[in-house]
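Same chain, two partners: subunit A is paired with subunit B first, then with subunit C.
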Partner chain A sequence: MNQSLHNGADAYLSRYEGLRDRLPGDAAIRDAAAAAFKAGGLPSMRDEDWRYTSLRALAETDFGEPLSMVATAPILGDAIDAPRLVLVDGRYQPDLSTPPVGVTVTPFSENPYFGRLPDTKRPMAALNTMLTEDGVQLHVAAGVDAGALVLLSLAPQGHRPIAFHPRHGIHLEAGAKLTVLEIARGEGAYLHNAVTEAVVAPGAVLTHIRLQDESRDAFHVNTTFAEVAEHGTYDAFVLTLGAQVARTEIHARLIGPHGMVHLNGAQLLGGQQHGDITTVVAHDAPNCGSRQTIKNVLSDRSRGVFQGRIEVARAAQKTDGYQMNQALLLSPQAEIDCKPQLEIYADDVKCSHGATVGELDADQLFYLRSRGVPDAEARAILVRAFLAEAMDPIAHDDARALLERAIEQWWEHRA
Partner chain B sequence: MLSVNNLAARIDEKEILRGISLDVPAGQVHAIMGPNGSGKSTLGYVLAGHEGYEVTGGSVTFGGADLLAMEPEERAAAGLFLAFQAPLELPGVNNANFLRTALNAVRRARGEAELDAVGFLRLARTESKRLHMPDDMLKRNVNVGFSGGEKKRNEVLQMAILRPKLAVLDETDSGLDIDALRIVADGVNALRSPEFSALVITHHQRLLDHLVPDRVHVLSRGRIVRSGGPELARELEANGYAGVVADAA
Partner chain C sequence: MPAATETIDTVQSLTQSGYKWGFETDIEMDIAPKGLTADTVRMISAKKEEPEWLLDWRLAAFAAWEAMVEPNWAKVGYPKIDYQDIHYYAAPKRPAPKSLDDVDPELLAMYEKLGIPLKERAALAGVEGAGMEGVIGSGNPNIAIDAVFDSVSVATTFRETLAKSGVIFCPISEAVREHPELVRKYLGTVVPVSDNYFAALNSAVFTDGSFVYIPKGVRCPMELSTYFRINAKNSGQFERTLIIADDGAQVSYLEGCTAPMRDENQLHAAVVELVAFDDAQIKYSTVQNWYPGDANGRGGIYNFVTKRAACRGARSKVSWTQVETGSAITWKYPSCVLQGEGSVGEFYSVAVTNNRQQADTGTKMIHIGKNTRSTIVSKGISAGRSDNTYRGLVRILPKASGARNHTQCDSLLIGDQCGAHTVPYIESRNPTAKVEHEATTSKIADDQLFYCRSRGLSEEDAVGLIVNGFCKEVLKELPMEFAVEAQKLLAVSLEGSVG
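Right, the complex of A and B next:
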């Protein structure tokens, strides 16, 4: 193992030794995760799943513990008109939150439920399991349409590097509906290493929209394990704008017929930012569909990664899987790495994948400018147009508008 | 209005324009005709400021200003409009938003107040009706899924909304049936005024029946080899370019 990754892993393990007796929940689960993390360490680029994303800078940062109390109410920032659950440095803040109707909210610290889906053989999920202190568990009863809520994660300090590992759960009973808009923001250097379990019961619809707008010095690792039963829908969108190194990893499993998974996303990166979207969609049941449209807008020396695996089990006949990764390179130094993988064991399936890389089209740009649109505005129009295919399907109007505003701001501050 | 003086331009080391001189006074319509590869479209692109073409000599003044020193968007704001021979498709860009963005950019540059959404839609509907365009063309993405004729009409719509002082129409007649041709010509004729000029690039006499030019210029191998009145277009239609081009050579 690389020395700095090794030392970084040791630091987390010794932190666990020190905190072990004070952490909530089943110590046996944490011990097992610690053993797995000790065996594997922080992922290195020699691990196939981490081939394009280096955590070396993360390993070399000495992260401390978050302060135990929130001294002053942080600035909550732009959100949508919906109930809001606020976490500061990974800890749930009931005083800053406006709990929703129709959703039962249980902080992890009060009822430490680790969930049944997270795979602690995955190193960052193991690290989360070992060290998590808090998070929110959301539950919607059968048949309830609970509307939308905002899950806001803030790291407002910025004085010294801290690490937090929130553990979330979203459970929708049969026929339930919920839209979760997660927003992550912060100041300075920190590690936000979240794990989310999402369970979608028969006929339930979970819309899971994420705006990752972390500090440019932050590390953001977000691992979601989703399970979708028959006629259920897991509709996810992630917009990656922030962090120096970001990894959004989604494992979605379709376990009943006629389920649907959408994993759409966009990454807009500049400077030396690195953004990684990694998905695994497992079709275990017949007649299910999955759709993935990922758009990358990469400027300066930034690097985008998309790894997408579709697994179709022998039983999953009539699977309809689609995956498309597109990159717009705004600079000759920007880079995109794309690794699509199809693993198909059924014989009657429709699965397609594709990838495109390009620059802004010079003729389209000239066409706009010849109509009087200034160069910078013309470029912005073409970037928005490039993103439209991924953004337009976001059914929640206010959430889509929020993401569009965030994109406008990103574009304005880019120069 | 437009004064082109000994203009030379090339693309990828290939000389296309080899010294073009041309004056289009305000209020006049001039036609540029000539065989394929004579440089007609290049002239349009160079006037509009396409970066793919390198101007190697000569000058162009437009309304007294040095046109070649301006960015493409500045040329548009100054009142130049190029109707593209092959209008670009812009997937993901709504046609009405595109038109409004362009109009307001031009109005801003001209020191005029921007139009709000309501005022703009009223204008766009009026103009598109005049061009017999279905309302949904405003709602669709720019030129995406448009037929050849619809794309050309969309160019004329842009022109009608941007109200240029000089329109360069690059084979706007190609791919149009007789009815569409008349609609497009009517659209241009509607703009005719003492302050409006047009440079009509075409292969055929047909368009010039509806859009009668003050002058006709024949372009061959990057030079104007002959100029005349509207009767020159009819002569070319009857006898072809061979005679005119051979005379000059």
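Right, the complex of A and C next:
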């Protein structure tokens, strides 16, 4: 296994060697990332952070370059009525985009800013840093309420495995507001390995909603590094429906007092899908709060993973941290693995986490059936109710409606 | 008095009062030279006049150990242990005594110092002045003790009463001689020799420990108890305990530990294996109060223990209860493999760390059989500059239909220089299984403290009271005489943590 993992890493490293002089931005940053990636290779299950998620299938896939522009206009799919930014195979497409008012959009290829938050020692972030070509940098000036925008990532080709590593940045100045709805879709086998830096200045509010609806043959790895200053809010939600192997990793750090982080999410998986949500919330400042509600609905032979860590530093007195993760197993072959962690160094804090795993409640099902609701529908109702706790806090109505529609479709497709 | 001298005096009086069992008994010792090679293993085996199969077993363990690396995943930090700088065998020079009269009076005196639970028991029963020569045995008709002094069991009581009911309770070295078929059949079947680094080390060099066999349908007529004691300088203690409860058998086993004060770190790597067959019940209670090191983290015991129970029979039940207040480093995960249909595993734990102590402890519940159930209640208390981690695993395998687990982990922080961590792993592969986990972290509420203080309690007493309340769910699982000592221990362990 080790052999193949290293082969996997070697392919990326040799690609980097070939591309090195043509890639935008500071070569020193890329070289450092390449050195880190070379030392560690692709993550393996012996790495504690990856103990439940194997990238073996990824390592064994031979990915090519996303070569040319798409000849035919990609299907944009349904989205919400908002300005949109479109990336195809990880490259920003100004022609397909309708830039929003109040947000400065700079493609990474024009201004290659790697950001200061991403930990490029983490293997997948290092891989991204090494090979990224494009992405979007969003900037909202102080006090501006920039409304909502859609960030659409498409991989429409599908006849040959490709790999792309977009690098995004979202920077909100003091008191600014923005809602970003990220949608990822595609066809066939590909690797979408994104890294996002989100910086929330004092009093700013960033709402970051994601619908991951990639092709069932794709690999989706998404690593977000967020930093929240005093009285700032980072409100994130992720819905995982797609990819054969998906990993959503969020590192959120509260650096000023009275900051707030919400990391909610749901994974609905079937077939042999593997979905992993991994979060780390670091409380570095006093009087901050964090809330996490993660739901897994697992059918067929799918496997759901949740790893969530709350870290409370000595200085972070009066922290209020809460985390709940629940899983519904709909099939005898499904599997859930969770690792909710607390790491606490301050005494005047209130931190708790809870986890439950089980199947649909037989009594509830019986209740609905006894009132004439057909079995499939009764199950659908109960699953929707199960997800409600994570979905309800989504304040953006159109975004929530979009996610609910996606869940509806997932359920219909399954039945 | 110069300030510096005063400080030293104060510190000394504090540490001495902080660890009231920090005495050292001067008994002639038979010590093996330092270092660990296959020859050391052969020498231990020869000293104990062991049969060939056991020597082979030890050598296999030694080979496994040599090929392994010391684990580093636990949240504990300590200087690298030089395994070649340890004595692997230390025995009192005299042969094992035939009766109490033959026991070295110094040992008896030491047991008297240790005899807190016995005294408590006597006091509770109204038996005052049970007398020092009666410390082992008399006045306590329902406790049998297999005392382990460093590496060799020197006194075993109540053998006859136990023998009448068919219970075997003896040092494991004796069991190897007298019941080889039982030992050979079960030794290493719950914790295989190559299970982990410390278990492999133990399997290679274990010197003694307890062996218990409860035959079919027998309810052990008394609680069985072992005192573990580390005495010789730099001799790691490698205990091996094996308890087998046959169909329908029941036993309650108590393990209490204290060790003398030392400057050098001492290594302890014990292995405990429990086997429960159909309808059998084993209750294993531990109060661990080894020397935790001084306020600056010097000295103290390294406690790397592998404890595991195999619930092989249907409806079998194993209950682990532990109160961990001692040791500089605790690395301990008493676990249950729930194989038998409807078998039950329980884990009740209180872990207290103060000063520079580090504890990484928890449990594993592996659900294999149908309708297996497990309960985990863990209470961690951190004070001073200590770190306290709960690390646990609940794994539901595909055939464990109807399995049930409930886990409750609570942490209490006293002071802002300590750490409390929770690392649970939950893995479920059966939809009909129900797993619940909750964890909380909090501090002692100001209003609780104020309430106690306003009723005239000192701050320290108030903290003791509140902590005991916090731990009540676990303490009530202990046998009574243990519960009383445990409550006192909690208070002593937290001395100096407030104010």
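Following the convention adopted for this analysis, the second predicted complex is superposed on the first by the 413 of 415 C-alpha atoms of A that agree within 3 Å, B and C clash if a C-alpha of one lies under 4 Å from a C-alpha of the other, contacts with A are read in each partner's own complex, and residues count from 1 in each chain.
Just so we're on the same page, a contact is a pair of C-beta atoms (placed from the backbone, for glycine too) under 8 Å apart; a residue touches a chain by one contact, two chains touch by 3 or more.
Worth saying up front: this structure is predicted, and the values here are computed from it rather than measured.
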| item | value |
| --- | --- |
| Which superposed partner A:Thr61 touches (first subunit B, second subunit C, both, neither) | neither |
| Most subunit A residues touched (candidates subunit B, subunit C) | C |
| Partner chain(s) touched by A:Ala385 [first = subunit B, second = subunit C, both, neither] | first |
| First (subunit B), second (subunit C), both or neither touched by A:Gln364 | first |
| Which of subunit B and subunit C A:Val349 touches, first, second, both or neither | second |
| Contacts of A:Pro340 with subunit B and subunit C, given as first, second, both or neither | second |
| First (subunit B), second (subunit C), both or neither touched by A:Glu48 | second |
| Which of subunit B and subunit C A:Gly372 touches, first, second, both or neither | first |
| Where subunit A meets both subunit C and subunit B, residue numbers | none |
| Footprint of subunit C on subunit A - complex, ascending | 48, 314, 317, 327, 329-359 |
| Touching residues on subunit C, where the partner in the complex is subunit A | 73, 396, 398, 411, 413-443 |
| Residue numbers on subunit B that touch subunit A, as the complex places them | 48-52, 71-73, 75-77, 81-82, 84, 87-88, 90-93, 98, 101-103, 105-106, 109, 158, 162 |
| Contacting residues of subunit A [partner subunit B, same complex] | 361-364, 366-375, 377-378, 381-382, 384-389 |
